[in-house]
Each structure stands twice: as C-alpha cells, then as structure tokens.
C-alpha cells in the first residue's frame, strides 16, 4: 500500500540559481511525507516527539530524475518496505503531474531524543505497521 | 565599536531562482554574526544555550540595498546600540567588497528556552556589554 | 480587504534547537502568502517570473509575538496598504488558532530579474490592485 | 588524494527541534565542499556557472553516523572515485574532531543550465581531474 500526500506547492525560497528546487530540499519533502503518513495511520509524529521519541534517517539512497521548478505542485509518496524492531525502511517518491521527480530508499531508526539513543519502535506503531 | 566577522562564502544552496541570495537568508547571516560577536566578547552563545538561555529576535527592521550572488564573499557586522535589563538592540550589516548589501536593526530578548519566558540578561554579559 | 491562505503545517525541518520555528522562516511563510494572494487576484507570480519580472523586498519590519512549534497549523494573511508605480507595501501576519504569531510590514519593489533593475508594476496588476 | 575544507561552524539555523543539524543540511555541506574542491583545483565553480554549466547530483547514497550539534566545527572532505565523460563520482564526508559524522557517495552529471541538458565535462577540467 502506497500512501500519497495532498499536493504541496514549490515556492521561490526552495529554488536555487539553477532555476530548480535545490537538491537538499527533497529530503525535507520526504520528511513531510513521512509525518503525514504517520498521521494517516493514526500516529501523529508530534505525539512521539512529546515522549522524546524520534525516527531519524540512518541511510538515504536518493535518485534525482527530473527537477521541480517554481510553482510546481507535487505529491510525496511513502511505502513501507521493511520493518524491524528498532528501525524501518520506506520507499519514497516526489511526483508532479504523474511524472517522477525524485525517488529514495530511506532507513529510519527509532531514537530517544535529544541523546539519539536507539530505541525499540513503540509497540502500538509496530502492530499498526504490520 | 563595530564587530566584524571573518568572511563567509555564498554557496548555491543560499541562492534562489532570481539568481541572488534569498532574502530570508540574511537573517541567518545576522544570527551567525551575533554568535561570533558574543564569542569574541568571551561569551560563547553555546554556553548560554547549555544553561537553557537564548537571545531571540523580538523585532527586526531590515533594509535590502544590494543583493549578494553565488560565490560572493561577505562579512557581517554587529554594533550594540542599546542595552536594557532583559533585552538589547544591535545594528547589523552584511557587506561585500566594501559595499553595503543589507542592514538591520534587531531587538533581542533574553529568554528561558524552550518555554520562551523572558529573563534578565546574565550579569556577567550585562557587565561586559556595558 | 485581507487575504488569508489555506493552512500550512510546520514540519521538523523548519524548527531549530530552541524547539520553535527558526525566525528566518517566517519570511518564507510571508513569501508563500504573497504568491497565493497574487494567484487569488488572478495574477500567478510565475507568469511574471516567466517575463523576467519579480517583486522583491526592499524593507521588512517584522515583529515576533509568539513562536510556532512543530506540527502547528498556521495561515498567512496579506493586506495591501500602499500602492505606488514601481512598488507596493503589504501588511502580513502569521496566525495559528486565532493567535498572532508574527506580523510584518513589507515593501516590495518591482524589478527586472536577474539584473534587479527597478520597473514599473505591470499595468494589469496595477489596475487590479487599485 | 582527499581534499579537506577549512572548518565551518554549525549555527542555530541549521539545527532542528531534535537538537542536532537537520539531516537535509549535510547535502548543503557536501555541496560547499565540492565547490571548494573545484576552487582548489583551479576551477572555480562560478566560472562554469557563468558559462551556463553546472554539476548536479544524479544519485546520493548517504549514511548518517553521528549528528552534529550547535556550535560544532566540522570539515568536509571530497575524494574523486570515478570519472566519466559527462559525469563523475565523489566520496564525501563531514567530520568533527576526527569523528565521522556523515559519509556519502555522490554521482554528479554535467548539465547545461537552466535546461538541465546533459553535457560533456569541460575538457580542461577532465584533464585536471585525470
């Protein structure tokens, strides 16, 4: 099952002198997508955060296919592809007009913040993700 | 007395599609300048931060004179112009090749973080700023 | 007449170590608000951009009232308060749950990009703004 | 041969609510490192840019080992590991106090900007990189 966000707009502040979205910003778009994915599952990320728990990237393998530009409307997708006790892996894309802009495989670890100590994923979330 | 930072470089990620530094980024340059100003005074900001104390903008009046572009080298200046018990006002500029790019008058309040409760400025800093 | 955007969400990437939205990011929120204000008037900013025309800040006087935090939903308002031949002034706010977070008075100049040469505002826009 | 930048400082604006540098910002640090690597080789990136040529990421595989925090001083390294006619691959790291924070393998394509049309690498640069 692939989760898809509602559309977001590219504003000027996310572009660079090359006339496209700066490549670092897609990691931010992916993060927004994951937060909405969790909210959709019934697990708002902010609730974990209030308990000092975060899901932080350990590894990101990102492919840039086609750049977004000023005023483009894009959606972000999230697909869970692997679930472990203290981490999980998602595939994510950014798409605009059915066209694939960027894709990534992202491994996230569950940590205690702000110390960044590895943690087991919260049980309720583990159950739901299964 | 006007404090001046060592030079910083403009990298691509700070520019936008208009070919210049995005106007929001000068607030970041000013923040870096204030942090170096405090370090130069013998009061590294990070030490206040470890005590849960921050100096946060209450009001910024910023004038854009001439845009910075990719690869420009700029310096940031800081001049204290008013000192109160729980806040202070600085004049700051961003300059490149003796040319004024941006200037601002910035009022900063001393707060307890993360609650953002107003605080008296730490005594040692007050004395030094006087 | 005051224009108001649909709600935006604060994601982690816009926060800082103090636990709130970094103060520079409100300038980005204001920019998004102005772009939606123009779209609502029937003048998508991207159309001006394709003609090499931009509206860039000359002066921003910004007041920080109450910080936004992770996951807050905010709206941006735009109110035209002065219209000249080559520039205009807006009042803008960021609000969350009816509470005022940040307010600003922003003067924007019409320029030819990427040279940043001052320009008369396009006639059709001038007429509409009147 | 591994190129290493002079140190950069982490300022507040690069941190997030988790108390560390936001994971997207390392892509910006890597970009700065590549630009200084090219300058050191005698090929300032800005000169290519003025000719409408850019080197843009096609694929980034990034591993997060240990987060940077406010006020940390870090260096960025760049090592060329593969050179083709229209692209090249570098290994990059961000390090602080001899400790590895982030590492990445990054493939960059030479493109004509702003169209993003693939290009052969400029001959003089090809020769120098060999």
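Every chain is named by a letter (A, B, C and D) in the order it is written, and numbering of its residues begins at 1.
The rule we apply is simple: a residue touches a chain if its C-beta (ideal position, glycine included) is under 8 Å from a C-beta of that chain, and two chains touch if they have at least 3 such contacts.
What you see is a predicted model, and the numbers here were worked out from it, not measured in a lab.
By number of C-beta pairs in contact, A-D leads when C-D and A-D are compared.
Centroid distances built from C-alpha atoms place B farthest away from subunit A.
Per-chain CA centroids place subunit A at a distance of 23 Å from subunit D.
Work out the mean CA point of subunit A and of subunit C, and you get 27 Å between them. Subunit C and subunit D, compared by their mean Cα positions, are separated by 32 Å. For subunit C, the set of residues that touch two or more other chains comprises 12-13, 17-20, 22, 24, 28, 31, 49, 70. Remark: subunit D residues 12-13, 15-20, 22, 24, 69-70 touch subunit C in the complex. Those residues of subunit B whose C-beta lies close enough to touch subunit C in the complex are 17-20, 22-25, 27-28, 31, 49, 54, 56-64, 67, 113-114, 116. Looking at the complex, you find that subunit B touches subunit D at residues 9, 11-13, 28, 31-32, 35, 44-46, 49, 70-71.
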